[in-house]
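Here the chain labels run A, B, C and D in written order, and each chain numbers its own residues starting at 1.
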Amino acid sequence: MAVNLKELTERPERLTGGHRLCAGCGASVVARAVMRALKPEDKAVVGVATGCLEVSTCIYPYTAWKDSFIHSAFENAGATVSGAEAAYKAMKRRGRVKDTHKFITFGGDGGTYDIGLQSLSGAMERGHDMVYVCYDNGAYMNTGIQRSSATPKYADTTTSPAGDVIPGKPQYRKDLATILAAHHIPYVAQTAPFGNFNDIHTKAEKAIYTEGPAFLNVLAPCPRGWRYDTPKLMEITKLAMDTCFWPIFEVENGNWKLNYKPKTKLPIEEYLKVQGRFSHLFEEGNRHLIEDMQKEIDRHWEIILERCGEK
Amino acid sequence: MANKKTTPSHLEEILWKDAAPGGVIYEAGNAEKYKTGAWRSMKPIWNEEKCKHCMLCFPVCPDSSILVKDQKMTGIDYDHCKGCGVCVEVCPFKVFDYVVEE
Amino acid sequence: MAIRERLSGNEAVATAMKQINPDVVAAFPITPSTEVPQYFSTYVANGEVDTEFVAVESEHSAMSACIGAAAAGARVMTATSANGMGLMWEMLYIASADKLPIVMPLINRAMSGPLNIHNDHSDAMGARDSGWIQLFSEDNQEAYDNTIMAVRIGEHKDVRLPVMVCLDGFIISHSVENIELLETDKVRNFVGEPMAPFYLLDSENPVAMGPLDLPAHYFEHKREQAQSMFNAKTVIAEVFADFEKLSGRKYSYFEEYKLDDAEVAVVVLGSTAGTAKTVVDELRAQGMKVGLLKLRVFRPFPAAELAEALKHLKAVAVMDKAESFSAAGGPIFMDVRSALYDLEARPKITSYVYGLGGRDVRTTDIEKVYNELKEVAATGVVSSPYNYLGVKE
Amino acid sequence: MAMQMTEIRWHGRGGQGAKTASLLLAEAAFMTGKYIQGFPEYGPERMGAPITAYNRISDEKIRIHSNIYEPDFVVVVDESLIKDVDVCAGLKKEGAIIVNTDKDPEQLRAKLGGYEGKVYTIDARKVSMETLGKYFPNTPMLAAVVKVTGVMTEEKFLESMVESFQHKFASKPQVIEGNMSALKVALQEVKG
């Protein structure tokens, strides 16, 4: 399903300007792209976990959301929205709601990979007709760049600082999309905002309009936390994909499919060197850390290729 | 500096008897009234004559500030543009200048 | 006419929920409240209600789902106990701040630790500042009646607050006793249709709930919320009066038992009140002028009315089935003592923490309190303000 | 207590149905118009552990909510408990104890640590096997308790139990007769 970007510009903008996310924030680009996949006539209930996207888009007395919005806490966006979805079913059955409403949840990697994982897992397992979108910027950016289980190995964060003895975060990142795929829900996908937004749009549309629970894991670069100049947003995203740091795939009814394969797989170094959070890896004597990371990237990429029937 | 005035919420006098229960916001999308243009230190300038209206800049704007009408770009919403320059960088036709905000 | 039945406290509460037929029930099992979602899921499975039952994976998610559902515009209920509510803690505050009239039977149980599944009021007392209305029940009848009234109280336009219906774990929840039920159509008519003033699923008027609320506005929102609790006092009285017309059962903020001509009295809530009444009867038969005040509404706290009801007494003992760890008496004691402060002449007052973790409360325990009160009344001296009743000393 | 109230304490083993028996008694008494309480004493006990359950039966509303320390009657659903549990603790002299056993009351009294009140026995196993073909001690014990305590007349008891069984065994009416017969035989078999 090809996307005509020009036509999409005629869709209503569901996230307005006037929010207070950072200049160049990847999260709002992701949120706009997902919301654009809603049919213009459909209503949405947007639930957001505490995090950058929430505290910046809904500051009393302003909301940047054109649809109904709810935030309740950090670790429970899955449960909160599943409650709203249950209410919709009941109220629709009882004739108190007429329109079609869709339920879309956003959480950062903190609210999704870590503190909110139980609530997310519960909501997915129960089969609510909702979409959970993780905008993954690889750390707790809202509270000042603390490490999360989505933070890449060796990244310098405020709770995994690159010191004289320990070179940044010691652990590899958690593979959340696979965990969600193991829930055997109808649709799981990993994507990013890139190119003409065909991939993210198509996946958001599938996620929203597939009956039952769906999960999207979306790379959302953070200029502040990753330490790059704001105009580089799209370039960094492309490097994440072309180095195979961020594989683009989907799992539809259990079938894995690779949606993007770089023409030339770039060394991970290319992705790392443009971000300040990895600058210590390029200091003398740290070459082996980059090599270690490359090995892990290659190993994971092979697994993805195998799952997707690409080898 | 942009000549548009922002409306800092701490200046608004909402007395408790008029406060919305639980801080509910009744007007969806009213953040449009909140101007973030003053955040800019750099500014993208759109050069209409070079623009091919390919729309690649449209989805990458974090602040929904690429103005489009009838599938054609018409300008930049400087009330909200924070000057991040993602549009500048993504444009294949080098339509934008990126200048220091004055 | 009323339906004569015999039900356990949990069954009574579940029956009220069945008759109310809420839009959404989201709950997680925990002893001794487990039977409530069990019964309710059976009603769902048998088509006796058409509620959306959400069997969540934790109590935190139970309250979160209730918040999402109530925000969406639904009538919502759950039930829990002790540590279950402990896990909900932050969400209790958010439910009340968001003005969501969720109704939650709280089957009172001791907060761990050490681990204890038996009754006391440490769960409810710990949540007394969470902005929930708290009604206490002496027996299964009151638990049933309170559950029905809670819907009307919480959903009233001047209130819009969540309501906790407290009943004693095991002592009431698992004890089968006689009860009078109302016909289902009367219950449905009494609670009426849910009508939220604003809600997420309102297509015409989308709203944003739970914003970031900075110092410029947060205080005003808390003040508005506090007003709801002031308003709740009036609304509770109105709903009690309406319910009396329906059921013939008269309720007020508290029940005064042989208090008028009493010289000393005990303030107590929950199932112990029933045991204490039998003691009052016995001591009265012996010629002692003793009385009892059973608190039914703990939040909002009926301070002025309570002071008025107690002002003629020489001495009052307040019984708390919870330790406040203030080193200055139990939680109800502190509120009652504070309520008496404005009186010109105040009764002497003592605190008794009792029955923790399911320690059975015997009539002899309560007799001891009255005998000590008699001594205080006679001497006018409180030699021991803070007491522990029934602990092995 | 000023009001006329019968207080009964049940001793059984987890899984044996003493709790259910106490609830059945409450049910039967309720059906005859009484005010009732039926409640177990809860602990972490599982199958086989000694458990206690209680009944209060009265003509007036029951307000007291403590355990029962001075029962009018004690019911022992499993004779083997007697050696480990002080089943007669607090039992009123003018009351009685009812034990499920094949022994005679006087044989049993010797094991009851000097209890001076009345002792009744019922061989619930025998009654159950003869009437139901399986060992369900609850039904015969229930009848024995009604007989000994006199909390309701035998006629009213049997009437209410028919109704109760018709409801309980709606899907297998063939077992109603056996259960009713167990009750009737038990009413005759109580010794003491």
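Rule of thumb we're sticking to: a residue touches a chain if its C-beta (ideal position, glycine included) is under 8 Å from a C-beta of that chain, and two chains touch if they have at least 3 such contacts.
Remember, predicted model here, so these are calculated numbers, not experimental data.
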State the pair with the higher C-beta contact count; candidates are A-B and B-C. A-B
Between chain A and chain B, what's the gap in Å when you average each chain's C-alpha atoms? 23
For chain B and chain D, what's the span in angstrom between their mean Cα positions? 79
Centroid distance [mean C-alpha coordinates] between chain C and chain B, Å: 51
Distance from the mean Cα position of chain D to that of chain C, given in whole angstrom: 35
For chain D, residues contacting two or more additional chains: none
Multi-chain contacts only, two chains or more: what residues does chain C have there? 98, 206-211, 213-214, 217, 221
Return the residues of chain B touching two or more other chains; collapse runs of consecutive numbers into ranges. 9, 12, 14, 20, 23, 25, 28
Given which chains touch which, is the overall layout a line, a ring, a star, complete, or other? other
Chain pairs in mutual contact under the definition given at the outset: A-B, A-C, B-C, C-D
In the complex, go through chain A and note every residue touching chain C. 43, 45, 47, 54-55, 58-61, 63, 65-73, 75-76, 78-91, 93-94, 96-99, 101, 118-119, 121-123, 125-126
In the complex with chain C, residue positions of chain D that touch it: 1-2, 23, 26-27, 30, 35-40, 42, 44, 61-67, 69
Contact residues on chain B for chain A in the complex? 9, 12, 14, 20, 23, 25, 27-36, 39-40, 53-56, 58-65, 68, 71, 77, 79-86, 88-90, 98
Of all residues in chain C, which touch chain A in the complex? 23-24, 26, 50-52, 54-58, 60-62, 64-74, 76, 90-91, 94, 98, 200-203, 206-214, 217, 221
Show me the residue ranges of chain B that touch chain C in the complex, using the header's touch definition. 9-10, 12, 14-17, 19-26, 28
